[in-house]
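One chain, chain A, links the two complexes that follow: it is found with chain B in the first and with chain C in the second.
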Partner chain A sequence: MASPIEQFEIKPIVSLGKIGASEIAFTNSALFMVAAVAVIALLFVYGTRNRSLVPGRLQALAEMGYEFVASTVKDSAGHDGMKFVPLVFSLFMFVLVCNLLGMIPGAFTVTSHLVVTAALAAIVILTVIIYGIAKHGAHFFGLFVPSGVHPLMLIILVPIEVISFVSRPISLSVRLFANLLAGHIALKIFAGFVATLIFAGGWIILSPLPLLLTIAIIALEFLVAVLQAYVFAVLTCIYLHDALHPGH
Partner chain B sequence: MTSQDGKSSGPERPADKDASLESRLKSLDAGLKRATNQTEAEIRRESAKSDSSGIGQAMRLSTEFVAGIIVGGGLGWAVDKWLGTAPFGMIVLLMLGFGAGVMNVVRAAGLMKSRTGDKSGAQN
Partner chain C sequence: MAAPATTTGTTAHGGAAPAHGGSFPPFQGDTFASQLLWLAITFGFLYWLSAKVIVPRLGTILEDRANKIGNDLDEAAAMKAKAEEAGQAYEKSLAEARAKSQAIAQETRETVNADSAARRKTVEADLAAKLADAEAKIVATKTEAMSHVEAIAADAAGAIVSHLTGTAPAPADTAKAVKTALGG
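Presenting the complex of A and B:
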């Protein structure tokens, strides 16, 4: 049985030289990132090419994607959060397409690597911090001081708020990466059981059972792929809401 | 008499108008009720739709709690290493981390409620 974590191995495709001791290479991970961006760009450039009043199938898909993100931003970040629609939209589409590309058998799942999801979470949190400080100055740190609390309680509550804030990028990145990683490993293991049972003599009778489970897990993985992209976008909006309105 | 007749017919005409107005108002009311019922049904349908994404919020809550503890423990470890105060930094910050984790979960749950209900909950 093939190792279930073999699918997450990063293999260099073209080496681009070295910086210090570390090799800079175009890897399979980079290839699938480029593929994801290409799919998104094609969908939107090709989909909105006609700009017809009654949208065709691709145009309807593109419009649905935009309107979904725009309404999510408006609901969670408020009306003045609409200037962040491009950011949230890019993040949502990138995560969604990477997740879905990873569902193609044999494909590499970019978002199953903590490095990638942590970089995405860092973009979100840095945007929140930089925009919050630029817009509100020191008032942004009012985020850490809950209102209507006895001053003595602040000694405990302010550190808790700070830890709570620091935990945001971690929960944001770990959630996405862990869901994708665990799902793909489970899928590989149960698919491996099918092959193992087929070659295990009389146990072949049992082999349809893990096959059925594999099919169920594939359906679940598609749900998780879409859901995690949605959760990532919603949480981005909620955190941006804090940058826009830091007062509790 | 004729002037009184004129006067009596005068208010009668507005009364006539009143009656017609009232009937129009009633039909408008009925129409409005139908319309609001429709939008209420739509809202209910929409909230049912958002309930189906509850699994996403469930996934959110679990990591939210763990992240608070990890950050608290990590900060405690770093403070101990930096200031050489082991193990007190770890103890204090891990406890604060637990607090932060619980607060994360409560806040996430509160935000969930405010999405379907009133918007004031989002502010706390």
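Presenting the complex of A and C:
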């Protein structure tokens, strides 16, 4: 019986050399990142190649995805947030497709690695900080100063606001990573129980129970895969709203 | 919040079981550089594709569709207005034609009436003239007859007087006497 964490191991497919102790290679993780981008390109570039007035199946799906992201950005970040649609679209689609590709049995889940989700969260937070300062200058730091509060209260409130801002990239990355990791481990463990019970003599009678549970967890994991991509996109929009309109 | 707690638990569990490939894979630092490199390449390409191709193209498709639908609706509204206008023009011409036919009928009726009135007037005048003529003739005849009555009466008186007296009176005297008797 393989370990439940074996599925998260990064295996080089083609090694490209080393930088210090780190091996630079085309790995299974890289393969699924490329696959995710290929799926997105297939749907959104090939699917919309005709620019049909009356969309076909692929184009209707692509339009749904785009309209969903565009309306999320408009609702959360406001009308002037529309320039961030490409960023939110890329993040949402990349996370969604990586999560869903990870649901294929035997596939590697790119988003189950903290370094990947942390990098994606860093892209969001750096965009917020750089754009916020470029657009509003020092006024951007008004984000940390709630208006209409007694100055003495600010001594307590400003550090809280700073901590809450700093914890945003952490929660953004850990939420996605932890959900995907925990879900896949649970799935593997319960699926493993089925096999263990089948080969445990009389206990075979009990084997349908973890099987049913595995099926339920698979359904839950599909929900989590979509929901976490959505949560990532919505939080990105909310943080971008702060960059566009600092101050409470 | 249950999920991160679960993860920390599993993480510790995974870390404690280094039988498969050393430490827990998500925390193997030597894979980070490779993952970040491929993430930068793939996500960078995806962002470029989104910004340059996907988002503008889908935006155009949806905008074109919205414009087309808007234009079609406008066109339909214009056509409806035109149809209503044509309907009104038809109603108007119908009303005009009806008014004209009524006017013609009225005019005809008036001409006919005037004509018949004129004719009646001439006939009446004709009849009145004839009546007056006849009346005049009657009066003339009556006058003539009345003038004869005196002569006849004088003659008769003369004859009576001659019968009674045996002598014939002078005709002038009888005429005078008759005239007096008649109250002339």
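Quick note on the criterion: the second predicted complex is superposed on the first by the 248 of 248 C-alpha atoms of A that agree within 3 Å, B and C clash if a C-alpha of one lies under 4 Å from a C-alpha of the other, contacts with A are read in each partner's own complex, and residues count from 1 in each chain.
One rule holds in what follows: a contact is a pair of C-beta atoms (placed from the backbone, for glycine too) under 8 Å apart; a residue touches a chain by one contact, two chains touch by 3 or more.
Bear in mind the structure is a predicted one, so any value in this text is a computation, not a measurement.
Q: Using the superposition described at the top, determine whether chain B or chain C touches more residues of chain A.
A: When the residues of chain A touched by each partner are counted, C comes out ahead.
Q: For A:A216, is the partner it touches chain B (first), chain C (second), both, or none of the two (neither)?
A: Neither chain B nor chain C is touched by A:A216.
Q: Which partner does A:A122 reach: the first (chain B), the second (chain C), both, or neither?
A: neither
Q: I'd like to know which partner A:R175 touches here: chain B for first, chain C for second, both or neither.
A: Both partners, chain B and chain C.
Q: Output check: A:A200 vs chain B and chain C. Expected answer is one of first, second, both, neither. What do you get?
A: neither
Q: When the two structures are overlaid on chain A, which partner does A:A25 contact: first (chain B), second (chain C), both, or neither?
A: In the superposed model, A:A25 contacts chain C only, not chain B.
Q: Identify the residues of chain A that lie in both the chain B contact region and the chain C contact region.
A: The overlap between the chain B and chain C interfaces on chain A comprises residues 174-175, 178-179.
Q: For chain A, which residues count as touching chain C in their complex?
A: That would be residues 2-6, 8-10, 12, 19, 21-27, 29-30, 33-34, 36-37, 40-41, 44-45, 48, 51-53, 55, 59, 62-63, 66-67, 70, 85-87, 89-90, 93-94, 112-116, 119-120, 123, 174-175, 177-179, 181-182, 185 of chain A.
Q: If we count contacts the way the header does, which residues on chain A are in touch with chain B in the complex?
A: 75-76, 156, 159-161, 163-164, 166-168, 170-171, 174-175, 178-179, 223, 227-228, 230-231, 234-235, 238, 241, 248
Q: For a test of understanding, state which residues of chain B touch chain A in their complex under the given definition.
A: Answer in residue numbers: 53, 55-57, 59-60, 63-64, 66-68, 70-72, 75, 93, 96-97, 99-101, 103-104, 107, 111, 115, 122-124.
Q: Report the residues of chain C in contact with chain A in the complex, numbered from low to high.
A: Those in contact with chain A are residues 3-4, 6-7, 10, 14, 17, 19-21, 24-43, 45-47, 49-51, 53-55, 57-62, 64-65, 68.
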